[in-house]
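Multiple structures follow.
Same chain, two partners: chain A is paired with chain B first, then with chain C.
Right after this comes the complex of A and B.
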């Protein structure tokens, strides 16, 4: 049953999944090519100087990819469930509803984390080859909020889509936008270093929000 | 499902505690007075340029006597600030109050220094560029490597991302033969080629001692500055003055500021009462006779005129304004949560609490919430009541929106 459910999720989202993965890889490749050109044009010493002393962040093009990927995948996965209330079918399967939702969450987050991980590994390898570990450490601290914002975006898309009442959907959406905005307050590299743990706590706090929407859906709450 | 709903309400309240005051500031903020103030070496008094609200124009005046000046007159009473204008007009005096002034002296002893708490409170990558200090060239050139310094010094070649072992060992020997205590706490320098000369880095070691590191003819120059052990330095701002009379401004953990001179690293205390290195700004406008020290904070500025030779305060002027009372911030919005600040590049939460009167507002909101609940025949909700009592308007709104 679980396998069938996961297969259903795959059937629903495969085009988007492959598309997001492709865009993620192309984007990373583009950044590497662009940087390779800079290496040849201005030399590594100048590039290091720009990064260290002028606080330029070389991987800025990745900034909105995690939330865009989460938005696309979340919509692909949950929007079809909202149309004609198809989620009813899933919730009537001979499985506990919590398990059904956890499987859907698990699938989406697994795909998303897989794509993020692929991108991060590529980035880390590239950074470790070309830059000292101090730079790589600063890079990780800079991009961590962007990827956490991606996961939160996915969780809010699920929460908004599964919510049965339109007014509440709007409020959930606004809350999601405000929380995600919190992760993009500064362009200074490593600016979030002192509050990374607060962002992580926020992410953990947001994780079960979708269950409330499902509960309200099951209880038949309507406009 | 109740814990999830409570979490949503708490999170939404926190978000509102951040966004509502921000929107309120967008609507209500206005700029305060930003008068330019400079100590006149001619009149021996503070003089100012300010905007006159009644006359709706800039006025120039002596703060002590309140005498007004025309623009040309004002140039004459602040000869060090406007010396280029006076020189252009052929009005630069030979002496001021009996002291002979030369253009060379004015050029070399006149400087501006600005410190912003953001200079110190900013994330940085601990990789440093050490220039050749004695290259014989007019322009500084990139050295072709950078160094890292924590438990040892290591030079890295950016082209290969590999360690230059020979140079690292050469410089490490200089550290080993000195009394430098690893790990290094911090290193401060100015890694720019757009400066007249290079004095390398000032490094705070694990004992709080300041060491001077530079590269001379490819060799390591490392010297203990014998900084007083009673002072705990936390930030160093290196400078390259034209007359090479000093190396840096040093800030300690008690908000004192010192000038490290090039006279065998002698320390001079710069009086800066009221200065806070993490929340304020400092501006020094120096000339051959007086140093104008402005200590700036959210409440305005305090100006001190120091004797340029002794650094003793000869006059002071306080332009601080009382903290503005804002009815909404004091009585309606219980807290003001901020994540960004003009004093730091880091994202950090900071909270400003309202007055105790806000509890009255919270109580009224609790009553409104109970009234709404009763009208809709809803049972008493203890969590919501307690939460609105604590968080006021920030809890009231989500409790109404995210109701059961």
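Right after this comes the complex of A and C.
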């Protein structure tokens, strides 16, 4: 049963999933090519000066990819469930309702984390080959909030889509934007290092929000 | 024998608008019950409450003895649900959707599904999003038949269907339900279709149930009467239902027999000599009970 439900999610989102993965890989390739060109044109010393003295981050092109990917995947997965209230079909399946929603969440988060991981591994290999350990470590701490923001974006898209009342939907959407904005307050490398654990706690706290929307849908709450 | 569905003292409001108060009804095993009502009388509301998609203001519905707001997977397995508009997944084709649902139901009868699909002139790889409303209705019905549930709940099954598909749907469903002894709860705004399908009818008006009995009993006892003359004075007689006078000719409906009716009318000082009694179709009986407006 669980496999069948995941199959349905795959059928619904496969084009978006493959598209997002392709864009992620192309973006990574673009960054690598751009870096390679910089190595040749201005030299490593200059790049080092940019990173250490001017506190510039070399992989800034990645900044909005995680939230854009989460937005696309979340919409592709949950928007069709809202049209004609198709989520009723899933909730009518002979499985506990919480499990159905968890599986849908699990599918989306699994796909998203898979794409993020693919991109991160590529980035880390490239960084480890070309830069010292300290630089790679700082890169990870700099991009971590962006990827966490991506996961939070996905959770909020699910929550907003499944919410039955428009006013509450708008409120949840604004709340989501405000929370995601907190993850993009600074571009300075490792700026979020001291508060990374707070961001992680925020992410975990947002996780059950989607269940509230489903509960309200089940109770038939209306505008 | 315990009924398959029991609704007790159901009360529901949308905001301050009362849909119904203290609604009570039961669906016995093996019967086909049609819920008839004008738009906005609470047909879909009742189906939503039954399936746990709406929490009533008060009262409860039991399906197979379980409260409908919290049905177990085992009970859901016994209930086939057709959502208004034959809603299904448009991104799947008929093979994919059959494969998907078959995983959830151990008693899956794929022959029932494919027998119905053979009647459709569609490419097996055609997605549901590219099908007509009638074709989608057959896919939705085929999936329910293959699920082989004990109780079928069909919300406005005739919505958007042309006459051919409506007849096909009714014939298939009727034959299946009677042959297998299934319990069916159905709503439709096309009452002609219901007449060919249902055993019992439940007629809802704004806020209450007007009538719940076998269709045959309704059609046998409920008649239309016509005569020449003004029938305005009948409005206070409870046995006379919805009298209307147009250009000196009056028609009204009643559960009383013609002789008894003549006696009552004579008693009230009115003595029409040309009362004609007419038998009704279910649609006419529905209009007679609920009024034209």
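Everything that follows uses one rule, which is that the second predicted complex is superposed on the first by the 223 of 223 C-alpha atoms of A that agree within 3 Å, B and C clash if a C-alpha of one lies under 4 Å from a C-alpha of the other, contacts with A are read in each partner's own complex, and residues count from 1 in each chain.
Everything below uses one rule, namely that a residue touches a chain if its C-beta (ideal position, glycine included) is under 8 Å from a C-beta of that chain, and two chains touch if they have at least 3 such contacts.
Because the structure is a prediction, the values reported are computed rather than measured.
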* **Fit or clash - chain C, chain B, common chain A** => fit
* To do: Based on the superposed arrangement, let me know which partner A:222 touches: chain B (first), chain C (second), both, or neither?
  => second
* In the superposed arrangement, which partner chain does A:92 touch: chain B (first), chain C (second), both, or neither? -> second
* So, A:80: does it touch chain B (first), chain C (second), both, or neither? -> second
* After the superposition on chain A, what angle is formed at the C-alpha centre of chain A by the C-alpha centres of chain B and chain C, rounded to the nearest 10 degrees? -> 140
* To do: For A:1, decide between first (touching chain B), second (touching chain C), both and neither.
  => second
* Partner chain(s) touched by A:37 [first = chain B, second = chain C, both, neither] -> neither
* To do: May I ask you to decide whether A:11 touches chain B, chain C, both, or neither, giving the answer as first, second, both or neither?
  => second
* Closest pair of CA atoms, one in chain B and one in chain C, after superposing: how far apart in Å? -> 12
* Touching both chain C and chain B, counted on chain A across the two superposed complexes -> none
* Asked: Which of the residues in chain A end up touching chain B in this complex?
  -> 43-49, 51-53, 55, 129-132, 134-135, 138, 141, 168, 171, 175, 178-179, 182, 185-186, 188-195, 198, 202, 205-206, 208-209, 211-212, 215
* Going by the contact rule at the top, pick out the chain C residues touching chain A in the complex. => 14, 48-49, 51-55, 69, 73-74, 76-77, 79, 81, 83, 85, 87-92, 96, 99-101, 103-105
* Touch list for chain B against partner chain A, complex -> 1, 4-5, 7-8, 11-12, 15, 18-19, 122-127, 129, 142, 144, 146, 148, 156, 158-159, 161, 191-192, 339-340, 345-349, 401-402
* Asked: Within the complex, which stretch of chain A touches chain C?
  -> 1, 3-4, 7-8, 11-12, 80, 84-86, 88-89, 91-96, 217-220, 222
